[in-house]
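Take a look at these structures.
Below are two complexes that have subunit A in common, paired first with subunit B and then with subunit C.
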Partner chain A sequence: MEDYKFLFKVVLVGNAGVGKTCLVRRFTQGLFPPGQGATIGVDFMIKTVEIGNEKIKLQIWDTAGQERFRSITQSYYRSAHALILVYDISCQPTFDCLTDWLREIEEYASSKVLRVLVGNKIDRDDREIPTHVGEDFAQRHNMYYLETSAKESDNVERLFMQIAAELMEQARSKELPRYDINSQNINRRTTTIGDSCCSRSS
Partner chain B sequence: MRPRYKRLVDNIFPQLPQDGLVKSNMEKLVFYSLSSPEKLDRIGEYLFQRASRDISRKRNGFVVIAMEAMDQLLVACHAQTLNLFVESFLRMIQKLLESTEPDLQVLATQSFVKFANIEEDTPSYHRRYDFFVSKFSSMCHSNHSNPEVRITIRTAGIRGLEGVIRKTVADDLVENIWEANHMDKILPSLLYNMQDSKYYKDETGSPEVEDKNDPALLADACIRELVSRASFGHVRSVLRPVLRHFDLHGLWVPNSFAVHTFRIIMCSIQSQYSYAVVESLMSHLDENSDSSPKIRTSITHVLSKIIAISAEESVGPSVLEVINSLLGHVRMSASKVSDTEEAQYREALIGCLGEFTAHLPDYQKVEIMVFIMSKIPQGNSRDDSRLQLMLLKSLLTVGKRYTNIAMNTTFPVSLLDPLLRLCLSGGIDTALMVQGILHVLLDRHSNAEKLSRPTLDVADAGLAFEPCSRSDTIFMRKFGEEIYTCLLEILSLNDVTVECIESIYTTLALIAVELLTAHTITAYLTMVYSIQEIALSQNNSLSFPRRYNLHAVVAALLVLVPEIMQIAPLKEYAGKLIGERRSAGAAHLLPELLVTYPGEVTPPAFQIPVNLLVDQAVLGECLQAAGLDTTVMTRSLTHRHSWVESTGVTMRGSVTDLNSTDVESANSTPGLPRKYPEEELSFEAMKRVLADSTEATKEEEKQKREQLFNAFRNTTFKDIVNNNTVRFQVVIFI
Partner chain C sequence: MGRVAISLARRYYSGGGVALTADRYPWVTRAPHLSRIEDKHVAAFERLLGPSGVITEEEQLDGYNTDWLKMVRGQSKVVLRPKTVEEVSAVMRSCSEGKLAVCPQGGNTGLVGGSVPVFDEIVLSMSLMNNIIKVDPVGGNVWCEAGCVLEAVNTHLEKFGLMMPYDLGAKGSCQVGGNVSTCAGGLRLVRYGSLNANLLGVQAVLANGDILDCMSGHRKDNTGYHLRQLFLGAEGTLGIVTGAVISCPTLPTSVSLACLGLDDFSKVLTTLRTSKRILCETLSSCEVMDDTCMDAVANKLGLKPPLGSHKFYMLVETHASNPQHDGDKMDAFLQELLACGDVEDGTVASEPSKMNALWQIRERITEALSRDGYLYKYDLSLPHEKFYEIVHVMRNRLRGVKAAKTVSGFGHVGDGNLHLNVEADAFDQEILEMCEPFIFDWTQKNGGSISAEHGIGFKKAKFMGKYAATGKASLSTMRAIKTALDPNGILNPYKVLPPA
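Moving on to the complex of A and B:
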């Protein structure tokens, strides 16, 4: 009947200009829009992905990073299944703000929300935050970590696919026992996705 | 072979999407679904599937047709069967909204609005609007590169939100639209569309004339609708995101948009809840106590713009709550570092207080004045006196809006007493401020301006007055002395200023204009005479110029009284006295009041020739000649000692010998009260006290009788007459 098995809401947060909209565009439309303007309020995209013959629909809410839209963006955290916290690896201040963002997430999002830290713009030469610093931070705060480049399309697909897979696993584990048959299969797949550049700490 | 409903659905689609819906076949489909409504859910489902397929194949023309067909079915269906169909209808709309095509999004919104306008008998309670609120809010923020498309999408978003509100607000069992989750999306989205538009700045232009599709106007209407549906519990959930939005977008300074928004909220909210808006804004002010004074001033201005609308609805404790909260802010501000911005904030607060009280009935204004009075600190520290002045200013603001009809309602003891006390305990500034309040409250015929400083030309001033009412006379007889005492005491203060003397003159002159009657004139003239005595007394250390000022005030009041009471002899006497002062070159004893007088005209204040002074005896004669009731005269005079004493001016015979023995005082049973602290409050103790007291009082009374007896036996007859015959006293003193 429905054209998908699972529906997950993914919300992107982070400072203005770190590339949230570009990540979403790259993933949903396969483009990298040069000169993308600042998002106002909240933008919405949909993408259906397939993981192991299961169709998963991702509702992606791309929030504005600007402070003045905080009240509306916060209201979108609440119903999110996954939050992608984005910073710019070539811009220290965007990294410094992460603790503030985490505080916001603590306050407004569900405690069970899946949190992923993303260092974007790895195509740039003027990196300011080394990978291990981001990784450490993610580990400390119990988040997944991934570095991406929306411009070069590095890891973007992987980011969303991984979230979809993880959320599906979570959803399945809560569902009826009949899904237990598949669980082994899913676990195996998750571990393959979560290799090298992806560390889960819990 | 395919089922019939599928064939019917397929037939409504043309070969080419440009040809549009096949009308005749559509009619067949409608007829079929009406005759077999149980098939509706399958028809809906099938249409949805077809459209989904078309969307993914980007055949938008067919999608539009499918949507159109669904719209028609929705309208044609009877309410009972609607639920079956609505599920797929809404899924279809969601599907279209998920598309990135602006056209489809707008189309979906239009269909949604059509759906929202249908009244369902039994809405489906499991239906969720989460996605719609989220998506429509997102559309309200559309940042499409093409400005026209952007406006279309935003407009659609607002209409969609309006639809959701309409659909959910009426029924408690469907989605609760008032949840913070929804309100936090809806309100910022609407406000965002209003704030950048200039429509609200144009107060005169009526919105009807303007473009119906202007997002700002639509949002405006939507907020009005939302607010008008809010019950008491919801007011807060509406206002919280609004206030937050103003904070985040820095919309308090300048505040024209905030004023506009709160005005429409106040105008559309059910009037019985309007004070909740005031309360919310007030508590927002509390939360902002650390923000810059500019923001606070701005919020206060917004408050004063809307507070008037709520004042009519405010009743009982909520009024005092508002006032109390405002006063709290005044107090808080008074304790802060004082700069111009902070001062502006305080002015704004006081202005707000004035706005609020202006719309209350007069009896509540009195209550509020008493309430403010009770908040005024009596201390003398710098913080205290600053707060005193601020609160008195608030009191003055309220007083200005008050219409005095009867003095005894205007000045309840709980207002008058502390006001007079404050006059004396505070500094000259406080006293001056209190005079201002007295002027405002006393002045029923707008004479204050004409009497703002001592003058001899009252006849030309065109004073307006009417005969004093009975209740006012009673008021004056009750409180006149108290007021006079207080004013006289201020006049004898060492640091009294010209300004202060002038303002006391105004108070006294207003009392004369408003309250002078045959019953109160004697006391009034006695008071005037006492001013001269202060000027002559060597017990105070007034400077010479101030003494001259007082003489001038006496002269001015003496001219004023016969003007009001029409007492010819008194008028004559006043004219004569002024003439003599003039011809003797004693202009310094007449108005105008100067701060300093040139050296050559300043003979020592104690050596003024008798003929230039007011003569008490002559005053008495004037009154008698006018045939005024002497019993009343005497009544007002016997109590005179009470203030004469306190001004420190010794007057012959004003303190009686008998009074000093205190034989008549009812309080002179010292044995009884002293017992209480030692006794515990038990039944036995009470009994003991009662038993004791009779004996104690007996003893006491016996002693008192003896004292009284001795007093009369040992004093000379002359003294007794002096002290007890009031009529005689009048002759002596007046």
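Moving on to the complex of A and C:
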């Protein structure tokens, strides 16, 4: 059996082209993919990280930004422990859409989900959304805020590690049930998913 | 569904350098009692079918004489292309009187050398009998002629909200008559069952030209022997299938397809179990392929691998009627795979273009592997715990053999059906002898079957006596049936049954 104590599901959402896939690939593979194509459906992968001697497995779900490719993505929100909502700091429309995304999150995700707003592409010099505007938005909507560059690897590691650390804290303070290796041996079904999510996902 | 047709057309310039069956397999000898075709026969056929129904031009004959895998090549001088059951009947009456052997041919996508002549048998191509006769949208049945291409029937059925109960990579070329004659399995058997259940009727022309009509298409019909079943998997040795009635399931309104990366075969098996348990009634396909297959489609066909590198890839598909329900189940399934560590990496979609791209990778493996060399292909049913072992066994066995390039495995893991492949630069006698009968022995010893879905054809006929899953009495019963229906042995000789 695998030796890890925590398993968390992190889902990335946001408009097409804001850099969700690049953020994930930077974090999981340490590279910036040239000519990254649009995501269709959902890609998912496992990345194990270590925080203070604890192994934490992150399931990362990279969803499609384009509406027509998103047909079944709503199901994937439900059991998320953290949602990363991404916009592009050099593209106003991707910021303007955030309220639509929040509405969707309210509708489909667990109320306890950890929400993080990310302004990506800070390496670009044609910024349209100043940092404080993003910060204000995040504060108003009860979200963490971070600016990143998948291209230059700025804050990407930090983004995921902070999420992992925060979720671990929450789990320790009983917000989320602990991942129990012993129960997994008896029954391969995991019990990490938050209670509210479990009861909702059939 | 809207899947893109894969054209399986191959180039057959002057036999493509394929050795004649008579030369490559010298143990097979032409049956002396069969007549050789003469000009008077050709003239008679032209009177029956019109000049366009008879092909005798050398260049055109090559394609009909050579099989898809390019492992066998016959020497037929005549191809007949009847358009109606009456024409087939007249042809068979004439062949029966003249003791002329006939090789029925559908889409010629068969993988066991059954669809092309061994010597000079007349090729009876069913391609022009391609009418879809009718569809009963209430009962969910389709009546069609034998030469209908599978994909064409499927496209027609979509208008009625129906689909064919089976699907295979050869869909753009293979014909319903060929599917019936091989009892084709394919990608969806795990959900919709085999043709044993879904074939509701057959029309066939017997060796003497009589027309056997069992086309009522009742789902239940116990009036005597189930004659239609005789033609399932008969591979053209008992009669010419001219029509079929197939029971068709409802076209799903919500389809999802996941591609999963796994690093150990035991994880493939637990994933199969998990898929059955969680996806349950929505599971419509569960396929596996190894890294060698993925490399072949990527490098030889230029298809883009959907995930990072893994030892194994699975395709798990659901057919459902409610997107919410479908999505929820798929999510629960994937959650569990990620939680228990069986799957490291994957992608899931319900967008047709993406699903199609994923299916292409699976469906075009054989095309990729056989692209620039010779492919030794084995189609085995195996107990799940033995499923992939033979790939390792063969890799070890062929380690020192320079001509053997790769050994790979893929297949319908949900059905316990492995396609084992040995890729070589060219046909090589040494490899053949390393594979046969070794693989058949191994399969038998491990409780498997040497033909899961491709049939026996020419390639495995000589092994039938020893390895037919059903034993000696079954072979004598098969012979008795063959003799009763085809006393002169003119229907697809040298195929299925071993020489007496």
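The rule is short, and it goes like this: the second predicted complex is superposed on the first by the 171 of 202 C-alpha atoms of A that agree within 3 Å, B and C clash if a C-alpha of one lies under 4 Å from a C-alpha of the other, contacts with A are read in each partner's own complex, and residues count from 1 in each chain.
Everything below uses one rule, namely that a contact is a pair of C-beta atoms (placed from the backbone, for glycine too) under 8 Å apart; a residue touches a chain by one contact, two chains touch by 3 or more.
Quick caveat: nothing in here was measured; it's all calculated off a predicted structure.
J.: With the two complexes superposed on chain A, say which partner A:D154 touches: subunit B (first), subunit C (second), both, or neither.
T.: Neither subunit B nor subunit C is touched by A:D154.
J.: Answer with first, second, both or neither: which of subunit B and subunit C does A:R68 touch in the superposed model?
T.: In the superposed model, A:R68 contacts both subunit B and subunit C.
J.: Between subunit B (first) and subunit C (second), which, if any, makes contact with A:D123: first, second, both or neither?
T.: Neither subunit B nor subunit C is touched by A:D123.
J.: For A:E169, select first, second, both or neither according to whether it touches subunit B, subunit C, the two together, or no partner.
T.: Touch partners of A:E169: none, neither subunit B nor subunit C.
J.: For A:S79, using the defined touch cut-off, is the partner it touches subunit B, subunit C, both, or neither? Pick first, second, both or neither.
T.: After superposing on A, A:S79 lies in contact with both subunit B and subunit C.
J.: So which bits of subunit A does subunit B touch that subunit C touches too?
T.: In the superposed arrangement, which is not itself an observed complex, subunit A uses residues 29, 40-46, 59, 68-69, 71-72, 74-76, 78-79 for both subunit B and subunit C.
J.: Which of the residues in subunit C end up touching subunit A in this complex?
T.: Spelled out, the residues of subunit C in touch with subunit A are 256, 270, 274, 308, 323-332, 334-336, 338-341, 343-351, 353-354.
J.: Subunit B touches which residues of subunit A in the complex?
T.: 1, 3, 29, 37-46, 59, 61, 64, 67-72, 74-76, 78-79
J.: Contact residues on subunit A for subunit C in the complex?
T.: 2, 7, 9, 29, 40-46, 59, 68-69, 71-76, 78-79, 184, 188-190, 192-193, 201-202
J.: So in the complex, which bits of subunit B are touching subunit A?
T.: On the subunit B side, the touching residues are 45, 52, 98, 100, 130-131, 134-135, 137-138, 140-143, 180-181, 184-185, 188-189, 192, 241, 244-245, 248-250.
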